Structure formats: structure tokens, C-alpha cells
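One structure is given here, and the rest of the page talks about it.
By written order: A, B, C and D. Residues from 1 in each chain.
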């Protein structure tokens, strides 16, 4: 494996109030062989740190694995969010200045996809499709893919060059998106508050669920809601749709993107991280990125849910909460999810208020503090879930 | 004025982590005479407190003024946001738990407007319009208005009764919106960071600009972007549009809503507040809410701008900033807006970096701290502004 | 038990920025029988909430137990600290405005003890001691105790009436201290960050360790460092000392105070709370506060440490930490306490830095976040500990 | 002036959670001539940024001024505090993790001074004093000074090398103190919340007041309360005292330290900074650090106060406050200092509560937010002040 290339570079994604650059490390690893490009980032939310351990284990494993293509690993990709402490915890989910979620400022513009599709050399494509042979079509697809990638990255750059400037979260997001948009496979590593492992998968790629080693799968529509995974797959999906409508031919550009939730925030665990990494390596092997490797997706029970059935249970009271069910538990309708202590009624029957499961469900995560105001996200739950 | 009625009630808008209700005071004042209903709230953003002083002065003046209709005053309408301290300042713009802007969770659903319009007794309306006389039309309009109001408030209630619950900001917003939706005139009192007085006015009500006594006017499109003013006027506007398309008749329901920016956050000033209140009283007099009063809009120079020309200047660096122009200043292209000190270059020519105005502009507000990260909103500015 | 009296009252300990009182509930329970007075408070640090559950269980048990004396229970005694959220967690340890620890503003003034001792009717006491019989001495002691209590509470009131006012933490602390200073036994219920159960016991009351059911005991010198337990026992101890020096007689006023650390912050657990309460009931039974009850201190292995051997391990680096040892673990010198991930060296041998135990130790608690700056309290540990 | 030496170096004072060093720039400037050593730092409290501008102007001026001795300038000396944002403001006064004031962790140990004094070669000193001539005494004093400086810096290093580590604020403070302890003149540049310029001067150096160009002077006792100025002058003062007691000779080591409050936090102003710098240059000229310069202390009215008469006015209520007096105003007993708006009583006579000056006073600073809880530091005031 003497052609193994491991390169480390840095990009400045922001400047702090001292005027110093905040750098993000980028590790690129390949064996110089053709194949898909993979992009994996972690910790866009500053307190969600387990992905950094996963990337550490990935790097270690990849040093000893044949790679077809290239894998780009970007740990700790939000050095601002990582470093805002508020008490002992990390205020990592949103910009402390203005509340902007660090994972909602990526670029997407459906009109730009349509314009690109409209600008394609119609006659040439029609001719190629008519005289279709596999090689010609592949080359046509590759050509379109390359052009689209270039134009989209150019659009991101234009956005970044906005003469009046951009907000910090958006600057950060776009800088990362430019890197990610080169990839065919994008994995964004997150954590929940107190959480079990789960994954967001685009509906149209439902079968991918079995290629990961994660027991809980949420299927999301191909709608852009601001996150990196959507920002990576929506443009391609929309382009495929436009081409299908026009040419009745399905161009599959093979670009997919996923958000993986690797357990709870504020915690790293090296042993768990080794397993998390193995799961990702199984996926990469399945996709032909790893050659002759022993990695493969785990055999396991998998449960799926459609996004509309992934429900958030909010409180309509304030108080002190015991979370009676753990993330991943199978909960029957009517079972006690939480007990709330009422400080002003410790001497009577209102001391404890029970919150029951409104239906059969599996909690994926719960709020990480016993102290809640009304309107707090107590649990996020799978309902109407199904086995895969 | 022996029929003057001043009523004070409270509504609980949230519970804190001690399980106690957080109450908002509601002052209602009228003389029992018919007329428009007015709703005025302040401090939905917790650090924007000058509106509370304005309401104090309004109440004092209204005690001695004949009112046609009713005026509902809701000061300090966000007791959560008011009470989150982070250092000496108030973290009042967003929910400290999740970053949600306290002014973006109001209800709007265009489909519900269309459904309402479609359900109207078509034949009856057509007939009334055909045989139109002023009294009949007014009564028809009033009937539609009453029904629409009821349905919309019912929709808000349904939303609040969501079986899985709602987030805190949304609960708060909807509870207030239910009150505001009864009104014909809605004023939402805000402040900017370091700011001069300005007002947001719907484009379609541009002439209203001269009814207020505020020198800087931003004209916004009739698009719902989440704020209270939009949540109050968009449904009516959309309904008017639908009815116009169907019956070629312009029903003017007379509902308008405005966001007033009363100077800088974190500051109250009783003298300024008296002037602010006088301006609002002038508007109310102009609209027939105050009878035989001496109040009227001030004669003043007014400058307007379209929302697309209301520009935010972001930094692309971090450092320490002197804001060289004050909100309200007329700034020429190329003039120095800000000087940035670079701590690491105090000994050379890079010590100070100048930021120049990219075009002629009037800053409305600037960031309230010298210390900025890259991507900070330095100034918000009128560009391409015009005299009214 | 028809004389059981359970009374609930409220005291306002602060006002928030809305100008509303923040109330603390006070539950008093007795059977109208003579006996010691007990004061138990919880949550002076806002995120340390398990004590509230303990008080709930105590109240429930005490309803069915004969009480000699009176027990005053003050849950959630810091409604300011309880309600400052910063992200999902509670910023409960210090005043968010100025950083003041909520548990360091109690009153103590050694000079006042000395002055009180000097003012005692010397001749009368000397005579009583000379002609000493048990009844006379007890009555003398009770007289001194009552007078001292009155004077000390008066001193606290004077402090609270300071003409230029007092800081919030101090106002809160003094208001609670006035209640606590009436008691003979004071328990202050706390939590650590991620923590096992432990207790602070004054050195001079070392034997008390076996009266609680808590396995880890820290023995503190009789020095006032600002906390409630010290503020409650130091004045009496100092007074006893002064009287001993003067009269060669040991007056034991029987006042003791303890800080109990009931596990981890940000968590409540009703089952654990029941056990915590049982331990406290065992202590109260032992002290004669509970009559004919089945409660008694648990038989268990107990480990003690002197405060000087209770060590804090600080980091001298920043990074992401896995805490390899759990609070309560027996750790040998050289064992790995923590692994630190270095984001910039994931590709080389510096990726993981090990922190080893500098000596045999038992961690009591560790930091609750993986993300640490240099100078972070990683662990607090028993060293040179001994079995009791 | 061809021997002008301007050197810039960096020291790492902390690591952030990304594991990166946080560096502080150190500018040293001299002409290679003998003379006093001066140390000036700014922004130990992160939001107090005007001192950085002052240092910028100092550097510019010093490039063109003959210097006897050396001047060390350390701007932005707390890169952690500078970079914690909480909303738009900087949470710069205390460590956001634990509330520790960034300006209270310096080293002082009176016992170490006494031990040093006791270890001096008694006979040699007695002999030198007996046979005293000016040169011999100066050389003796210099010898003692050098030795003491070395020992003290060694003690600081030992503290920093503490095997169990140190908290972040203390690490930062000690690292800076090691630099400052080399100096004969130490200036620590701060700001108040909303503040006028004032200075802290040790009582024993009262006459220094006229060497600065700052109108308000607070005289502090020679007691160590944790701040840098005290940490710099207390050891020398205590040493002088010890030597005086032993040898009846006053050794004046000529070390002095001052805290300068350069107006309001969160603001920089280049014009004001130029004046601030000129005042400091006047002081340095007066002290012989600047040669043949035109700088001299301003002729101005100066007002002084003893620390015990520098009073903090706390609120005993919560609400919204208008600060009616500006820092620097002469206020007569009974004049209105503040008006407090009571949201729940806008309709009656309790709407506004007045806070009157309890005596004649000059406010130095007031709280920077209208929204206050009970127990807030409303104003800090000179009382019983006197003209200098």
C-alpha cells in the first residue's frame, strides 16, 4: 500500500473577536485509485463531539485499508460552537450572538437547478439518448455531473462573495458545503441531547438503511430544510427529476447524503466510537470505496419511521422531570414517560404529575436537564414505526 | 367622561422551571363607544424595553382622552425573555434553550384563507354586490370579517391544543396573536441594538407613513415571514385578494399592523417615551380612535426605503470596532463607517482597518458591542432611500 | 397522631426584572412535642435538583412518623438560579450577572461572637458553674443559646437592612440563614456535576459520619469559607471555644450542620431519592427527632478524607475528554483517569493524551462535559483516604 | 533615535476546547537606556476594550519618544474572556464555566515576604546601614530588590507548576503576574459598565493622583484583595514595612501599581483613547521614563475618595430602570438617581418608583441594562469626597 496518501490541511472558517483565524483541520486519504469521493464532517453543533472520535477511528482504520476514490474527513468543523461555554456545558447548537442554528445556513436554490437543466445542450443529449449505449451515456452523465458541480460551487462562491457580507453561521456553512459538494457520499455526524443512535435517510434511498449499522432510521422527504444532508442531495435529486421530465431518462448521479446521530452530546467514548466507525466502514465497503476489506454492514434489527411520524413531545408545564424511559426503549401507549415534581405541592396529591405515552412509541432522545420550562422538547419519538 | 373603563387582567403565557405561571398584564381602556379595536404590545424581545414606557405614557394620556372603540395594551409581553440575564445584559432576543427568535412563531396558513373564501355563501354575496348599496355592503363586509376572525382564532386555538404540544416561543406567540387578531390596528413595539427610531409599514399601506411621527420608514411586501405584524395583516390582505379575484369587488377590512422600533435596546427614557406616545396618539387620532383630541401626526421630514434596499453590512473579520457613524446620520459613499483595531498589528500599518460605506446610506442601527466575530451584523442601512 | 401539624408558607427571596416576587415554599412539620429543630434546604445551586425529590420523600415519610421537635423543609430555595437557562442546561451555580456563587454570601463575624461572650453576665455564670448541678447548667446553657440566637439573627437582619442595599446572592443567603439559624440540625442538599454521594462533616463532629448513610465523608475544619453549613456551625463552635477558655467548662449547644451531595446535577431520580430520604430519616432518628421509628443509619463501608486531601485535578490543556473512571471507583496510582482527543493530530501518535492518577484515589465527581479548556476541574478526588 | 527597539512576542496563556493555544501579544519598547521598567496590560475583563486603543496610541507615541528604561505593553491579555459572547455582548468579567472573576487569581503570600525578610544577611545589612553612604545603600537596596523579585517570581512559577494543576483564571493571572512583577510601574487598564474615568491609587501613594490626568481618584488600603495592582504593590510594601521594623530604615523600592478605569465597557473610541494615552505619557514623563518629552500631567480639578466611602447602591426590587444621573455628575442628597417602571401598576400611582440619592455623591458608573433584578448594583458612587 505504498501509494497511501494522507494529507492534512487547514481552512480558516471564521475569525474571533481577537481577530485570529479559527481553523478547521481537513484530512484527505486515498490510494490514488479511482472511485467515489466521500466527505465526512463532525461537530457542526459544538457540543456534539462523539463524531470526532469516530473520525479518529476511521483514520486509523483507513491507513490500513485499500481505498478506491478519496475520503475527506473534517472533524470539529465548527470551532466557534465548540468554544462557547455557558456554565460547564457547551452552548454549541446555535450562534450565541443571534440564535442562528449552526446547521441551517447551507445553500440551495431550486431555480438554479432548473436554469442549469434548461441550459443543457438539448439536441446533443437527445441524440445521445437515442443512440444510447452504456459508455456514451456514462460519459454524458459524467459530463453533466462535472458541469453541474462546477456551477453549483461557483454559486456558493458568489454567495460567499456577497458584497454586503454574510452572517457567521452562513459563512461557515457555505465554506464547508463547497468542500462537501465535491463528494458523492456525504456523512454529517451529530449527537442528540440524551440519545440513542439513529440516522436520517432520504426517502428515495430507503434501501440504504441496511447498509449502515444503525438500528433506528428516519426517512426524510427530498425537501430542503436547511441542513447539510439536504443541501447535498436536493440539488442532484432535483436535477435528476428535471432531466427525467425532459428526456424520460433516469440519470442517476449517485450522490447521497446522510445525517448520523451517534448517541448523546457532551460525551465522548472511544469504545463506542470504534463501533460507530466500523459501521461507517461497512457502508463504505458496500459502496465500493473500500477494496478487499472485511468491513460490512452489521446484521441487526432495524426500525424505520417516516419524518411525519417522528414526533416531538413538548411539555405544557414547567417543573422538575424524571425521564422514566431511556432512548431506544419500546414504550406502550399509556406507560409513564416522565414524572414531574411540583415544588409547591410536595404536601399533597399534586406533588407528582405523570406524563404518559400518547401511543406506542420508541423515544430516540430526551431533554438533558431535569429543569424544564413549559414548551420544552421532552422527548422525540418514533411512532407508527415499522421493521425494515 | 364618566363611562371611562380601564380594566387590568392577566394571562399566563408560560411556566418557569419552578412550575410557576409567568403572567402578562393586559390593560383594556375604552369609553364604551363604537370604533376600531387597537392592540399594542411591547417587549416581545426581552431587552427591548422602551415600549413599556411608551405604554405607560399612552395609558396616562388615554385616561383623559375620548376613545371610540377599545385599546388593548400589553406591556412586557414576554416574561421569559425579560428575565434571562447573561452577564449584565438581557438575553432577550431568542429562547436561550434552543435559539428560537421570540418573534417568529406566529400562525399563518394561506390555504386556510383560501378555504374560508371558497366556503363563503357565493350566491348571497353575488346578489348583495349586484344590488349593492352602502349599508348592505357594510353589513356584508362586517359579517365576513366576524366569521373570518372567529375561524382564524379557532385555528390558532387548535394549534395551541396540538396533542403533542408546542415549543415555548410558539405557545407564547400564539397566545398573544389570539388577542391581537381581534384588533383592527396592531402596533408591535420593538427596539434595535443601538438604533434610531424607524417603522415597518406594509407596502400596500405606504401612505400610512405620514400618520406616524417616525422619520424612517421601511416598506415591507405582504409576505408572511413570521413576525406579529405580518401575522396580523397577511390573512386579511390575502382574503381581500381572494374576494377581489372572485367578485371584482374590493372589500377593505381595514386591518393594519406595524412594527415600531423605538430607539435602542437595554435603555428606557421617560422623556423620549412621552414623545413616542404622542406620535402613536397622533396616529390613533388620525384613525378616528381618539375623539376631539389635540393629537396629530408630527410635521417632519420622512425617508422611506423598500425592504430589498434595507441592507445589513456584515463583517468578514473579527476584531474591536469603533462605530464612526450614528444611527440616523446621512452617510456618503466612501465615508468611514467603522474602524477596526487589530490587536496583533498595533506596531504596524495594519493596526487599523477602515470600513467604508459601499454607497450613500443612512444607518438605522449598529451592533452594540465593540467586540465582533467575523460575520457580525455591523450596521443595518437604508440605501436607495427616498423622501416621502 | 392527631396533633400532626403541616404548615406551608412562602417567603419572597428576590424580585425578577418583571418586578415580580420570587417565592420559596417553606414546609414546617411537627407533632407539637419538644425536641430539636431541624432545617433542610435544597437547590441553592439551581441545577442541583435531586434534593427536591429527597424533600418530597421526607415529607411523605414524616406525615406518618412521630416527631419530637420541628422539621423545616425548604425545597428549591433559589428560584433565580433554578430559572437561568443557557442552552438546554441550567446556569445554576452562580449569579449570571456577576459570577457570584449562590452559596458564599452567608453571614459570619467572629468579632460578634467574641463581643457576645464578653458581654455575658460573668459573675452569674461563674456562680452557676461553681454550684453546678445538671438542671441549673442546662437552664444556663439554654438561656445563653436563646440570647445568642436572637443577637445573631438580629445581626443578620441589620445586614439585610444595610442602607445602601446588598447583592442578590447575599440577600438570598441571609434570608435563608435567618431561617436556618433557628435550627439545631441543618442539612444543605447539593449535587456534584457527575458525582457519587458524599457528605461534608465538621472535623469536630467526625463520629457523626456513621449516623448518615453516605459512603464518602469529607472532614472540614471549623473555618468559615462562606457556605451555609459553616455559617451555621462556626458561630456556635466559636462561642463554645470562647466560653471554654473563660470558664473551663464545655457548653455543648448541640448545633451541627452538614452539606450532603446527593449524586449528579441536572437529574432527578425518585427511587434514589427514596433511599436518600431514608438515610436522612436514619440520622434524624439517631438524633432523637423521630420517635419510635424504624429508621436507622445503614450499615455500610464508609471512607473518610480530610479536606486538605480532597484534591482537584485541573487540566493544563484543552480538548475533548473521555472520563475513564466513574465517581466512586477505587483507582490505583498510574491508572488512566482520562483520555484526551487532540483534533489536530488525529493522524499521528499525539491523537490521544492519557491522564493518569497521580496517586491512589477515589474520584467523587468529574466535569460534566467532554469539551474542556485548560484549567478545567477534571476530577475531584479522595486521596490518603481512610476507612471509618 | 537609532537605538529604538520594538519587539513583539507572544505567550500562550490558555488552550481552548479545540486544543489550540490562545496567545497574548507582548510589545516591548525601549531605547536601550537605563531606567524604570513599566508594565501596562488591558482587557483582563474581556468586555473592557478601550485600553487596547490606549495601548495602540501609546505605541505610536513611544516610537517617537526617548525612553529611559523599558515599557512592556500587553493588550487584550485575556483571549478567553474576549471571546465569550452571550447574545450580542461579551461575557467578559468572569469565567463562564464557574463564575471566577478574571481579575482575582493573582498570587500573594504575606508569610513569604516575612520569610524573605528573615532570611536576609542581617549582619551585613546592619553594617551597611551603620556606615551608610548613598551609593552603598542604593546598591544594597538594588541587591535586595533583585533577590526578592527572583524569589517571588520563583514562587509564582512553583504555583503554576502545582502538580494537581490550577484553574484557568489563576493560570492566566499568574502567567501575566510573572511579567508584571519585573516592573517598577504597573498600570492595569479597565472599564466600568457605563462609566466615567477614574483610578485606583494606593493610600500610601496618594500624591501620585496629580501625576495622572484622571479627575476621580479612589484611595485603597495596602491590603491584598486579589487584583493585579494589589498583587504588584503589596509584596513590596510589606517588605518595606518589615525592613523598617527591623532596621529603622525606610527602603523605598519604588514599585507602584494602579488600576485605571477608562470609561465604559463594550465601546472603543480612538479620539478618547488618544487623550487617555496622553495622560499616561504624562505620568511616565513625570516618573522619568520619557526623556525630553513634552508630555506632562494635565492641570485639572481632581476629586478623591477613600475606598470605604466608595459606595455601591443596590436595588431592593426588580424592574425597568431609567438612570437619571450620568457618571461624573455632582448629585445632591435627595435628587432622583433613578426611576423604576413597575409593569403591573401602569394604571396607578405605583407606576414609577423614585430612587433618591441618600447623600451628596458623584456616581462613577451605573448598571448597563434597564432590566434589573433585586440586588443589582445600580450605581457606584463617591461619597464624602474631597478635592485634591
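Convention: contacts are C-beta pairs under 8 Å (C-beta built on N, C-alpha and C of every residue); 3 or more make two chains touch, one makes a residue touch a chain.
Predicted model only: the values in this text are computed from it and were never measured.
A.B. asks: Please state whether A-D or A-B has more C-beta contact pairs across its interface.
C.D. replies: A-B is joined by more C-beta pairs in contact.
A.B. asks: Sharing more than half its contact pairs with C-D, counted by residue number, which one of A-B, B-C or A-C qualifies?
C.D. replies: Going through A-B, B-C or A-C one by one, only A-B repeats the C-D interface.
A.B. asks: Which chain maximises the distance between its CA centroid and that of chain A?
C.D. replies: It is D whose centre lies farthest from that of chain A.
A.B. asks: In whole angstrom, what separates the CA-based centres of chain B and chain D?
C.D. replies: The answer is 45 Å.
A.B. asks: Which integer distance in Å separates the CA centroid of chain A from that of chain D?
C.D. replies: Centre separation, chain A to chain D: 49 Å.
A.B. asks: Between chain A and chain B, what is the gap in Å from one C-alpha centre to the other?
C.D. replies: Going by mean C-alpha positions, chain A sits 36 Å from chain B.
A.B. asks: Residue numbers in chain A touching 2 or more other chains?
C.D. replies: Chain A, residues with two or more chain partners: 16-18, 20, 76, 82-83, 85-88, 90, 93, 97-98, 320, 343-344, 371, 373.
A.B. asks: Okay, in this complex, where on chain A does chain D touch?
C.D. replies: So the residues of chain A touching chain D come out as 16-18, 20, 23, 76, 79, 82-88, 90, 96-98.
A.B. asks: Under the touch definition given earlier, write down the residues of chain D that touch chain B in their complex.
C.D. replies: 6, 8, 25, 27, 46-47, 49, 52-53, 55-56, 59, 73, 75-76, 82-83, 85-93, 193, 266-270, 320-322, 339, 341, 343-344, 346-347, 351-352, 367-371, 373
A.B. asks: Once bound in the complex, which stretches of chain B touch chain A?
C.D. replies: Residues in contact with chain A: 14-20, 80, 86, 93-95, 97-101, 163-172, 311-320, 340, 342-344, 358, 371-377.
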